[in-house]
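Several structures are given next for inspection.
Same chain, two partners: chain A is paired with chain B first, then with chain C.
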Partner chain A sequence: MSAASRRKFWRTAQAVVIVIAVAIMIIPIIWIFMAAFKSHVDVYQLKLLFKPTFSNFATVFASPYKLGDKLVNSTIVATTTVAIAIPVATLASYSFSRFRMRGETTMLVMILATQFVPAVVIVLPFFVMFRDVGLLDTRTGLVLVNLAIVMPFAIWMIKGFIDGIPIDTEEAAMVDGSTRLQVIRNIVLPMAAPGLITSGIFCFIIAWNEFLFALIITNKESVTLPIGLALFKAEEGDLWNLLSAAGIIIMLPMFVLALIIRRHFVQGMTMGAVR
Partner chain B sequence: MARILLKNITKRWGDFVAVDRQSLDIKDREFLVLLGPSGCGKTTTMRMIAGLEEPTAGEVWIGDRMVNDDLPKDRDVAMVFQNYGLYPHMSVFNNIAYPLKIRKSVPRSRIPELVNEAAERVELVPFLHRRPRELSGGQRQRVALARAIVREPQAFLMDEPLSNLDAKLRVTMRAELKHLSHELQITTVYVTHDQIEAMTLADRIGVMNEGKIRQLGTPDEIYNDPANIFVADFIGSPSMNLISGRVEGHQFVTVDRHELTRTAMGAMSQAVLGVRAEDIHVVAAGSGDVDGQVYAAENTGENVVLTLQLGGQRITCKEDRYIRFSIGETVGLKFDSNKNYLFDPSTGDRVRSPGN
Partner chain C sequence: MRDNTLKYLLVLPAILVVFATAVWPLIQSFRFSLFQGRLTRPGFPQGFLGFENYVWALTEEPAFWNSVAVTAVYTVLTVGLTVALALGLALLLVPGGRFRMSVQTLLILPFAMSPALIGVSFRFMFNPEFGLFDAFFGLVIPPLADISWLSDPVLAFAVCVMADVWGWIPFLTLVLIGGLAAIPRDTIEAAQVDGASGWQVFRDVTIPQLLPVLAVVIILKSIFSLKTFDQIYMLTNGGPGTATQTLSHYVYFNGLKYGQLGYSAAVAWLMVIPMIFLTYAYAKLVFRRTQQ
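Here is the complex of A and B:
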């Protein structure tokens, strides 16, 4: 084989590998997309040409499934989680980044270590505690659980961004006449903004997709979308067309957020200092 | 504008003493340079004046106020940082305007006028709408300067402001700083490890080492009348010749028993003789005070720097740029008997004869 044809061979081989990898990830999503628009009878047939219908979406929002309620629950829980987690985590990260305190490293490691505990292990204590204080099946309870899940993550991520802001810039602002809070508001927050947005979106995704805790501590009133999927198991088997329609409703916000995050993430990475 | 007074300030981190019971009286409108090698405590001293570092002991006075417990914002000083400390998310205009906006010291309507005035002084007017990242190093430096001069602070604090610039730009900016400080007449503390910056800019220089000012004086005093071996060695390029020996009958004799030059002191059993390279002259072998062999000859363009072997010691001298020497050649050395300094090797301090 000549050098040119060998190069061509490898390039083709590369392309094939990439196509296979992409297909493995994309085909299930395509399948779901098609199933969501198929009628019940068409679902099990792999036909590409079918008459699309929106009735699945209408059905999942109607009684008895009422996916709309779950959508509201998910939105409220995820949004509230982010709205609390990001400001609190920002202040915590700022303190970890800028102030020297006793036991700082230990605290940081402990925060991270909470993530090593398998969720199944702590879900039962959570259940018992929530039952005792009346937080079972409430959105407040879910927000609390989600905060416990995302906070360590948010603190570590935001700390990384704040560490990247040169201390000179903050000191300059202090000498220029700012209080510590003004420094945070006028200098740190704008400079860390891409990082805060990225962290916020990651936290939203985690809270939005959270399954295990929601499964155990909710049953009726505050059921979220991922748990709602279980509704579509009927006596006649899994209602794939409805499951798919609900799946798309869960995925759509994630697609939008992924697009936003892509832009900010690059900005966040290249933010850096002016030297 | 104000006098800055440091009373016995000390900064310790654990066992490490960064600044050691240092007192300093900086006069109103004075340009004081703190000069020293890295880690000598000069930046820490300045940061304690700014309020960015809390003294472990001692007092900092700005004007007639003791400011130890004041936040940086309440000390009314302006600082220029080594890395400039610009706000990358703001335009140049807003960078310069920030101290005015945050202090609310002037009515909002006057801000554009003041910013323009400051920008004009440092020739930044065409760049006011740009972001710092779109500027060159020298322009960023000017933004930092403009931000400092836009208001009238009690004092300027400058922490190695030129050290991030390339050599050529540094010389230009140095001259601009000199001009600016002459125009503004505001008390300035300037930290640097560059002796040329110190010599050219300062009204007075404080040469620091190991947390203490080793000598405080005008550039002239520091250069021509060093108080100890550290200052003598640190100032000057090439650094001063420090030759070990003793003094017998007003005559300095090296450890290798070469008689070099007459001295003011009559007798010292142990002494270090300091002579600047430009105060030693090369003459024909046999016709000077002593003969030595050429160890190296370096042509810097403006001079020839000659290193001579004299017994176990080496002596550098500066000669006219047109004179050529070959290595190993024997030449004579003539010392200027008025321009030498004697130090006590045990204390490092200068030894002066009574009446000199």
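Here is the complex of A and C:
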């Protein structure tokens, strides 16, 4: 084989492998999308052609499933978690980025470490405390525990963004007589805004998909979407068309958000270890 | 206000939140682990036991050691498979171009999926009557046709590993693409000019330079594999029997289903020990990175 035809062979082989990999990755997702529009009978056959129906979506939102309530819970819990985490994390990240402090490394490592603690360790004391003070099965309780997983990501991610903002403008403003807080409000916040929004979206996805805390803390009133999936495990077996419809409602908004921030996803998840 | 005071005030709220939501529960869990703590009885926690819960787990509970074994094998398999396959895919995708770039964009999708939903999807895919993967495997490997995957201990475990690998490959691929793209082109070209084969370039130039990123990926994936809960809960719920019961699942079951909170807090703390080493290694990597 000549060098040119060998190179052509390799290029084709690579493309084939990539296409297969993408197929393995995408087909389960497509399959769920299709099942969501299939009628109860069609789900139980491997057919590609079927008469699409929207009735599954109508069913999951109707009684007894009432997925709308779970959608509201998920939205409120994730939004509140982000609304608390981002401002608190921004102040801390600014300080970590611009000043040297006593115990700074210890604090940063501690924040990083809390992310790696198994969630089951954290949830046991919260379960007992919430039981005593009546926060079990409340959205407030869920927001509190969600902060445990979201805060470390938020702090490390926002610190990365503020590290990337040149310090010169801030120094110039200080020379002109601005106070530190004015500098933060008038210079740093506007420049960091895209980064803050990115971090907020990232934390929203984490809080939205959170499962273990919600499984243990909630049982009726404040159940979130991922826990709501369990509703469709009926006695006669899993109701796959309804599960798929609920699955779409959970994942579609997250797909959109993930695509918006895709460039920063890696950085967020690895907490600055990879840029 | 002087910066010297202000800098600590700015950090304070975040430290308080982290303390209240992570450090306090960690300490409290440790306290529970020293007591007889039955949720169902009044006056929780009941009697002080010292380290008896730990001794009990380590010496009297085959179920504990079963979940240690399940978690260990699960972690080794998922980390090994995910990293190897992601590295392969990253090498294929790193040259760029419109086709490869659009594939990279698609890679973000599985990672935005909730792990619980991945568990549900895989149970769907492996249904013996109408599951897509079940049908596929039956076609390729006929002895596997119409097998009830999730009722066989080994196959159910294999499905759990597959679901995890499926969910993590895309993300790790993205991280590794970033790492590969950061390797200076000239070092690779110099080796090629010197007559090194493709494999030699990969082994002697690419891998050594990729090592820091590979280390991050391996540690991060190990941590998440050790903690695995969501998928397992939705996919097999630890079964059949306890064939896929990971440590997180074991803690959940004993603590919240059977109400043995003291005992399960002790097991949970035994899980923290390997995490301390992994976190230490990870933190070292992060700080070497930021000091460059």
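To be clear about the criterion, the second predicted complex is superposed on the first by the 260 of 275 C-alpha atoms of A that agree within 3 Å, B and C clash if a C-alpha of one lies under 4 Å from a C-alpha of the other, contacts with A are read in each partner's own complex, and residues count from 1 in each chain.
Everything below uses one rule, namely that contacts are C-beta pairs under 8 Å (C-beta built on N, C-alpha and C of every residue); 3 or more make two chains touch, one makes a residue touch a chain.
Here the structure is a predicted model, which means the values were calculated and not measured.
Aligning the shared chain A places chain B and chain C next to each other free of steric conflict.
With both structures placed on the common chain, the touch criterion links A:Thr169 to chain B but leaves chain C unconnected.
Touch criterion not met for A:Ala83: it reaches neither chain B nor chain C. By the document's definition of touching, of the two partners only chain B reaches A:Gln182; chain C does not. In the superposition on chain A, A:Val72 makes contact with neither chain B nor chain C.
Note on chain A: of its two partners chain C and chain B, the one contacting more of its residues is C. Legend: residue contacts after superposition of the two complexes on their common chain; A:Met191 is shown touching chain B, with no touch to chain C. When the two complexes are overlaid on their common chain A, residue A:Phe126 makes contact with chain C while staying clear of chain B. Angle at chain A (Cα centre) between the Cα centres of chain B and chain C in the superposed arrangement: 100°, in steps of 10. Remark: least CA distance from chain B to chain C after fitting both complexes onto chain A is 9 Å. Note: residues 179, 273-275 of chain A belong to the chain B contact set and to the chain C contact set alike, using the contact criterion stated above.
By the touch criterion given at the top, residues 1, 3, 6-8, 10-11, 13-15, 17-18, 20-26, 28-29, 32, 39, 44, 89, 92-93, 99-100, 103, 105-117, 120-125, 127, 129-130, 132-133, 135, 166, 169-171, 174-175, 178-179, 213, 216, 220, 223, 226-227, 229-230, 233-234, 247-248, 251-252, 255-256, 261, 264-265, 268-269, 271-272, 275-276, 278-279, 282-283, 285-287, 289-290 of chain C touch chain A in their complex.
Residues 50-52, 71-73, 75, 77-79, 81-89, 98-99, 102-103, 132-133, 140, 144, 147, 157, 164 of chain B touch chain A in their complex.
Partner chain C is touched in their complex by these residues of chain A: 14-15, 17-18, 21-22, 24-29, 31-32, 35, 43-46, 84-85, 88-89, 91-92, 94-96, 98-99, 101, 105, 107, 109-114, 116-128, 144-145, 147-148, 151-152, 155, 179-181, 205, 208-209, 211-212, 215-216, 226-227, 229-230, 238, 240, 243-244, 247, 250-251, 254-255, 257-259, 262, 265-266, 269-275. Contact residues of chain A toward chain B in the complex are 166, 168-169, 171-179, 182, 186-187, 190-191, 273-275.
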